[in-house]
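In what follows, chain A forms one complex with chain B and a second complex with chain C.
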Partner chain A sequence: MKISKKIVLIGHFGVGKSSLIRRFVENTFTEDYKVTIGVHILKKEVTLPKSNDDITLVIWDLEGNDDITNTRPSYLIGTNGFLYVFDMTRPATYQSLENDLDYIKDRYPNIPLKVIGNKKDLVTNDFIKQNKDVFGRFVDFYTSAKSGTNVDDVFTNLAEAVIKEAKK
Partner chain B sequence: MNQEDKLKILKDILLKDEHEYASSIEVKLKKLEDLINKQNNLSKHIDPILEDKLEAFIKEMPKTLGPTITQTLQEEIKNSQDAVVEALYPIMGKMIKKYVQKEIQILSENINKSLNNTFSWASIKRKFRSKKSGVSQGDMIIHDQFKSKIEQIMVIESGSGLIVSEYSKTEGIDQDTVAGMLTAIKSFAQDAFTTQIQNLEYIEYENYHIHLQNFSNYYIAVVISGAFTATFRSKLEDKLLDFAQNIINKTDLENSDIFNTKLKDYFDNENI
Partner chain C sequence: MLEQYKKEYSQSVNQYIVVDLDGNILESDNVIFPDVVGKNLSDIHPFFESVHSALLEPNKRHIFSCIHLTNPENQTIITDIIVKTFDGKQPPLVAILDLTTHYDNYQTTAQVRNESVINSQILELKNEYLQEKEAFKNAFIANFSHELRDPLTGILTFSDILKKTHLNDEQLNYLRVIDSSSTYLKQLIEDILDISKIEAGKLDLVISPFNIKQLLEDIQSVFAIKAQQKGLELITNFNDNLPEIVGGDALRLRQVLSNLLENAIKFTEEGTVTFNASLNQIRAQKASIHFQVKDTGIGIPEDKLEDIFTSFTQLNNSQAYKGAGLGLAIAKHLVSLTHSKISVDSTVGEGSTFSTNINFILDKNQVLKSKKKDVLTPPKSNRKFSILLVEDSEITQLSILKILASRGNYFLDIVTKGEDVIPRIENSEFDLILMDIKLPNSYGDEITKLIRKMPEREHKKIPVIALTARVMKDDLKRYKKAGINDVIQKPFDENTLVSKIEEYLK
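Right, the complex of A and B next:
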């Protein structure tokens, strides 16, 4: 039987949500920034390495929002897994990280959520260490859509968590 | 040595530097004359400069002249609509004519195919219907060519937009993505009209009509080609309601294989 799960990416404008999806689905990257308006939907079929389950990830790339409370709730209904993305080079995109994560967890309890610090190629390891108060507490993965670092792992890891949650 | 010779020697001594300077200027002037008067020499120096400038001009032209040209064109088109129509008419006319010819050819081929199948069950049925109703077989064939045809049915979970079940006669679209997009459009419409009571029920996409039948936990999207008449729509709605009420049950929603079989069995004959 075919298993399909809805994955939603949220975060501020220009943090690289669309680039991460493009890297994951099409294995491509472009420097040209095109703002996402509304929602863009793509899908990818993956085989999970641990459970060997075949799963279709239907990925909703929502338009960026500086205030998470302005995200259309109707786009989030029925979500099986969240990816919260921020840009490590722009503090404004992770200053409200804790509040944003609380907002999601309150409204969508038991839905797996992974936090991604994107644009790793633009920061040093020292910078990550210096900001460990924020990054160390919340971040699950440091990714680079440009180089592809950790991109597949993020989606695979979330898919594993989604399947685990579904089997409960 | 007379006075004049002495004076000449003195002049030579005093004006030696000026003489040399004048001579060098004379040489330079000669060179300049050669440069200016001989085209080959001049072009060697000026061509690279002109090429650079021209290249820069070509690069910059869209930025500098683009808006002016666009504005001028817009104004010209606005002010001379008749002339534009006259210019475009032959091209558009040819394109439309070609398209219509192609469509008529397809229609003609389909009619011929239908007429050639004289001994097919459909043909016998048509002949019988024709005699009974008094409508000519030709009219019936033409009517059949334009009648509504179900291309695809997707049962989609409300909210998530994930496909519960689907049935299609032709593979052509990515159902998961389309189902997601339809759900996003529905959600957007609901948000925009700030009501949860009303639902988006119909979308037109080029030659296709997408009918959306809404239920509490899911909705059914039916992709239709041909003329989507009010009669067909009404019959389709009755069929979908009957399917939802009498054919499937809640547990089928969790088992897409059973749902798929029921959907295919019910809509395969397309008796609408």
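Right, the complex of A and C next:
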């Protein structure tokens, strides 16, 4: 049976949500920043390495918002999994990380959520260690859409969690 | 605006689709997606795969704004999509409204806004980074210079002491080399500290009355010798109508004029160096004095005239002219603190002329006060004075011991640790305390606070003079607040130390 799951990427503008999706779906990257307005929807079929399930991920690339509570509720109808993305080089994009995660978990308690520190290519490992108070507590993956680091892993890991949740 | 909206909305194109609860298309017009009857909504676009659940809730109206779809011509259209459900008898309606033109305009605005916010955040971060780097540099310079001062104090004072012993001509020549090298090193450290103060915005003028004619004559006598040593002639023209006592920062004025003269002599191989000072005007209790230093030296190319005032810039990079290239940068900044500028005219091979106009205060009260002070002479006394030196550096201890011992009227007691100071004061009678600021595990200003809180009145009133290299504006405020009476800056020479001590033991 064909399984289709809706994945929503959420976070401030300019953090690289569209670039992560482009890297995952098309395996391409561009340095040019084009702001996302509204929502772009792409899909990709994947075979999950652990369960061997075939799954179609319908990926919703939401416009960035510095206040997550302003996200249009209609965009989140039928969501099966969240990816919260922030830019490790811009503190403004993770200053409200804890509150944002609480907000999502409160409203969508049973929906898997993964947190991504993006633009890993622009920071050093020392920088990540120095910010372990924030990053270490919340981050599931450090990614680089530019180099592709961890990008496939993020999506497949979330898909596994979504399938696991669906089977409960 | 209304007309613009009307125009935009009148161009919009709408498609209405009737579906069953599984998303199968029952009826549709063919405006955006033709020939879709019989297909499922999810065949039109992945968007619809995710909104099946919205079809199942009766009597609801969901609006999905700004959804990017791809039409059969493979073009991106930006739409609002309305999903309206009714009760069980009536099938749901899906309306697709093509608002591409409207959203394109919004996209342009959002692009500009977001780029601007991101750029300003990045600039802020860069600025923070640069400020941190700058603070680190200034702290490093201040600390490093401080560490250099203790050994330099030793060299300077022992050179002075050595001069007074019986030396033959050869030994005296060697001593002169040590003396001039250490004096140059001292000047270099002071320049570097000044530059770090300037860059930290912590260099301010200290205004007090002084005899400007005397100061100019002092400078003349120093540089006449320097010029003569290089085979040059120093010509001075100080106008007779110059005021005698003015209010200003004598130390910094001396520094500016000395830097200009030092440079003139350095870059002149033959000919003259002319030093002029004349009164421009007196207005509103202020005197504007014009200073000019002119040389017949190597000159400066026109395109480099601005560069010479930049720190660590020396145009002639050959080893013929020593120096860190800080003098003019410091002079320029000091003059700018008086709201003035240094101008320069130069011709390569003919020489350079540096000029500036500086305002001084002409206040009768200050002048009288200063004159009164000038005629005071310290009373001579045969009394012996007891001094406590709080200092951990053995070199500085030995230097001060030698200097004071040579005077014959001082007893010196030394403690090296902060915790020993109060007990020593309680058990002795001191006329003055020389207090190092940075001690092992304690600070001289904190110890002074404790001294000022001692119960015995005599102890509270003992003059405390700080010995330190840390003389930034904030440091001086802190020392004063702690009850420190005065400061001797490291490295110091014999005269500075003795005259400051005598000032408080009159």
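Worth pointing out:
In this text, the second predicted complex is superposed on the first by the 168 of 168 C-alpha atoms of A that agree within 3 Å, B and C clash if a C-alpha of one lies under 4 Å from a C-alpha of the other, contacts with A are read in each partner's own complex, and residues count from 1 in each chain.
Note that in this section a residue touches a chain if its C-beta (ideal position, glycine included) is under 8 Å from a C-beta of that chain, and two chains touch if they have at least 3 such contacts.
Since we're looking at a predicted model, the values are computed, not measured.
When both complexes are superposed on chain A, chain B and chain C end up clashing with one another. Look at A:Ser74: by the touch rule set out above, it reaches both chain B and chain C.
Judged by the touch definition given at the top, the superposed model places A:Tyr33 against chain C, while chain B stays out of reach. After overlaying the two complexes on the shared chain, residue contacts for A:Arg90 are found with chain C alone; chain B is out of touch. Shared-chain residue A:Glu63: touches chain C; no touch with chain B.
Contacts of A:Lys43 after superposition on the shared chain: both chain B and chain C are touched. Once the two complexes are overlaid on the shared chain, A:Gly14 sits against chain C while remaining clear of chain B.
Comparing chain C and chain B on the residues of chain A they touch gives the larger count to C. With the complexes overlaid on chain A C-alpha atoms, the stretch of chain B that clashes with chain C is 171-179, out of 9-17, 45-53, 117-125 or 171-179.
Contacts of chain A with chain B, set against its contacts with chain C after fitting on chain A, overlap at residues 4, 6, 38-39, 41-43, 56, 58, 60, 72, 74-75, 77-79.
Across the interface of their complex, chain B is touched by residues 1-2, 4-6, 38-39, 41-43, 56, 58, 60, 72, 74-75, 77-80 of chain A. Those residues of chain B that touch chain A in the complex are listed here as 157-163, 174, 176-177, 179-181, 184, 187-188, 190-191, 255-257. Contact residues on chain A toward chain C in their complex (touch as defined above): 4, 6, 13-14, 33-35, 37-43, 56, 58, 60, 63-64, 72, 74-75, 77-79, 89-92. Those residues of chain C that touch chain A in the complex are listed here as 45-47, 49-54, 62-68, 78, 103, 106-107, 110-111, 114-115, 117-118, 121-122, 125.
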